[in-house]
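Which chain is which? They are A, B and C, in the order written, and residues in each are numbered from 1.
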Amino acid sequence: MLFVQNVVNGLLLGGLYVCIAIGFSLIWGVLNIINFLHGSLIVLGSYIAYFAFVYFGLSPFIAPIFIMPLMFAFGYALQGSVLNVVIGKPVLITLTLTFGLDLILNNLMVWGFTANFRRVVFEHPLPTFEVHGIVIPGDRLMAMALAFLLTLIFFLLLNRSRIGRAIVAVRNDRDAAVLMGVNVKQIYAITFATGVAFAGAAGSLLSVVFPISPINSGVLLGKAFVICILGGLGSIGGAVIGGLALGIIESIGAMAAGPEYTVLISFIVLLAVLAIKPTGIAGKLGYE
Amino acid sequence: MTALLELKGLSRRFGGLMAVSDVTLDIKPGSIVGLIGPNGAGKTTLVNLISGALKPNAGEMWFKGTRIDGLAAHKISGLGIARTFQVVQPFPEMTALENVAAAAMFAGKAGSLREANARAEAMLERVGLGGLGATSAASLSLGQRKRLEFAKSLAMRPSLLLLDEVNAGLHGSEIDAAIALIRSLAQDGLTILIIEHLVKLVVALCDEVAVLHHGQLIARGPSADITNDPRVIEAYLGERYSKRGQNQQRVTDAAR
Amino acid sequence: MPKASPQTSRHALTARIGPVAVAILLVVLLVLPHYLDNYSLRLATTVFMYCVLAWSWNFIGGFVGYPSFGIAAFFGLGSYVGAIMLTQDMIPFWLSPACAAVVCLVVAALLGAPILRLRGHYFAVASLALGEVFRELAMNWTAVTGGGMGVNLPPLRSSLGTDSQVFYYMFLLLALVTFAVTVAVGRSRLGVAFRCIRQNEEAANMIGIDATRVKIIAFALSAAFPGAAGALYASWVGYIDPSDVFDIIISVKAPVMALLGGVGTVAGPAIGAFLYLAFEEIVWRNLLQFHAAVLGLIIVLLVLFLPNGFVDVTRRRKILDGAS
């Protein structure tokens, strides 16, 4: 019984985790950049949602509608100005660059918001469901549902829209995409901006479940890493598999060994996957 | 005469495709053997297998009486098999001399840095790159880089040299020079396996020719015989041409 | 015999000046403690430690070209090995760096085989994850490591001099050893093998280099010296905890310092270490609240505008002079 509850908890969490990883996976898969800013961007999204909630009463479930365009613009500007310079450069350069940018963003957030943990506290929280003795908190269920909705929207955008197809084309074969007339530079900017937007959305949904502080950005980034390696880079299917898998691994791990071991377990899993099948469960694309 | 290299039932698969299928081949010491076949026949894969860049899925490889299938590439180089690449693979940030000296140092088992450098200079001379030792490998012309590959291979003191399309991208006089070099190397006693798609060249240079098609060895024998072998013609040009050739012969016979 | 060009004769000149300059520098460094106050002594000691980290990274990241972000993993591992062995009275103080180095060497050699099969991004992530795994282990294995409470070490109180002076010389010695190994490797067949692998790993295998073995050696070297530095660091500061010695910023500082000075060169990492500490000091003194952001800014500017570091700037000038 406890086991099933843990699996359910893991799935609820995992759904949310999918949202954490999508943007990161997209940026890594298409631009070949490991976006060290990702965790901090999620936290930023959480803060925006938090303040919108506190000052305007805007529900974090709805906030993504406003947060995403905002973060999209931010991401677009950032890519166009700074990241564009290092496209195609080796991982040493790109990782160090995004690490440096993350230091800046994180420090600014600590200065602006302080490191104190904030919580979104609903006056009228969603009810908790109980199904056959399995407890399902309404908030988490809603967050997971919205996370999946966002993932679905993203999937449709990627496969049905012209820009989405261009992104996939660039991801699969950049040079061929150029020959097909794709404006690769713009696609890079749009892709990065989209990744940032989804990070913000994830942050908004996460604010319902987790306390908010810049201190968390490292943990969130770590989760994004594990999800992408576990599930496979550059594909939505990979992010979904990885996210759900991580959620379950964390839940079972917490049950078996204790919650303080979840980070250790997830990173050991990451190393194991790298050692055995670096392209992850969904496999396919793996940039070196 | 025992063979220098023996391949027995060698096979290699990529996914569903049999790139090399059950190839059995002997190469006698001191011979020049040509390896021909249409594009995608598996020639480069076969060379990759022999040199250890790829591991076979099935079959055996024997070199000088030692079994070498499954050995790592660097070990096979050390045993005396050297190869050139179709797309040349120099060390771009090093000079020509340093490139060749590196080969001499490791697979070539040179005793000291000085010995490696000396051998490198000698090899550069041998391939006609004598004065270019200090030039960066990246700034050499394609023809020169191909010769650099030769020099590197020779510096390894191989018993068997695998040449993969050395003439790709070269023009007239460069090709002649390459042929002259290969002939002189063979005269010095080096055994050579040469992949080449210019059938004329193969016929001129090689004692024997082996033909691959869809990964299988479909013919093997002296060059003159091979070019007339209907199976070979069929492989290159398709069935029509082969049958047409046979029909022509029938008409000619009938007319007599 | 290749003709002597302007480049080679200039090179020969540097080759002659080089050792002299190093010798002079060495003498200066040996007598410096008599003229410095404690604070400056600590700064200098930190420079030596940074040199060790940068040179260590240079083995695997600079010479072989595998972008490791795992220096912190071994710095931390060495710290804990040293700290635990000392607090358990297993060894005398002066043996702790050596023991830490040996442990890190062995661990790196064992882990290296699977990790070094990865390239580029995946290798970077794996090396990063290593540090995280070690940190979490240190955090959770409370019985051995003290968990989040960390480990306290007793002060040295040696008869040879003040603690500041002793650690100055010990870190200087470690830096010199790392430097010596770097120079030796750079000139040896191993160094040639490193360079071949970096420029074309497939071709390297084809000319008889056992790339796997060579890479593991580089990785082990890049682990042993940070390990020794970590052990010294533990004794020097007297207290370590997981988030301090396994801090990911250590793993980023090492390549950044190498980048600053010139990746894959011999002098570059040391120059970079010195410059980086200078930046750090200025920032710490003046901008405490924003020091992380400013450090981040320095990193960003460095990567964008000076990806080849200072050493390359001077080399470029030499080539231009030679051509005119």
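Heads up, the rule we're going with is that a contact is a pair of C-beta atoms (placed from the backbone, for glycine too) under 8 Å apart; a residue touches a chain by one contact, two chains touch by 3 or more.
Quick caveat, the model's predicted, so the values are computed rather than measured.
Put simply, the chain closest to the centre of the protein, by Cα centroids, is C. Chain centre most remote from that of subunit B: A (centre = mean of CA atoms).
The interface with the greater count of contacting C-beta pairs, when B-C is set against A-C, is A-C. Look at where the CA atoms of subunit A average out and do the same for subunit B: the two points lie 51 Å apart. Centre-to-centre, using mean CA coordinates, subunit B is 45 Å away from subunit C.
Taking each chain's centre as the average of its CA atoms, subunit A and subunit C sit 33 Å apart. In subunit C, no residue touches two or more other chains. Subunit C meets subunit B in the complex at residues 2-3, 5, 189, 192-193, 195-196, 199-200, 202-211.
Put simply, subunit A touches subunit C in their complex at residues 28, 32, 34, 82, 85-86, 89-93, 95-97, 99-104, 106-108, 111, 218, 222, 225, 229, 260-261, 263-264, 267-268, 270-271, 274-275, 278, 286-288. Against subunit A, in their complex, subunit C makes its touches with residues 61, 67, 69, 114-115, 117-122, 124-126, 128-130, 132-133, 136-137, 139-140, 248, 252, 255-256, 259, 263, 289-293, 295-300, 303-304, 307. Across the complex, subunit B meets subunit C through its residues 51-53, 72-75, 77-78, 82-83, 85, 89-94, 97-98, 101-103, 105-109, 113, 133-134, 152, 156.
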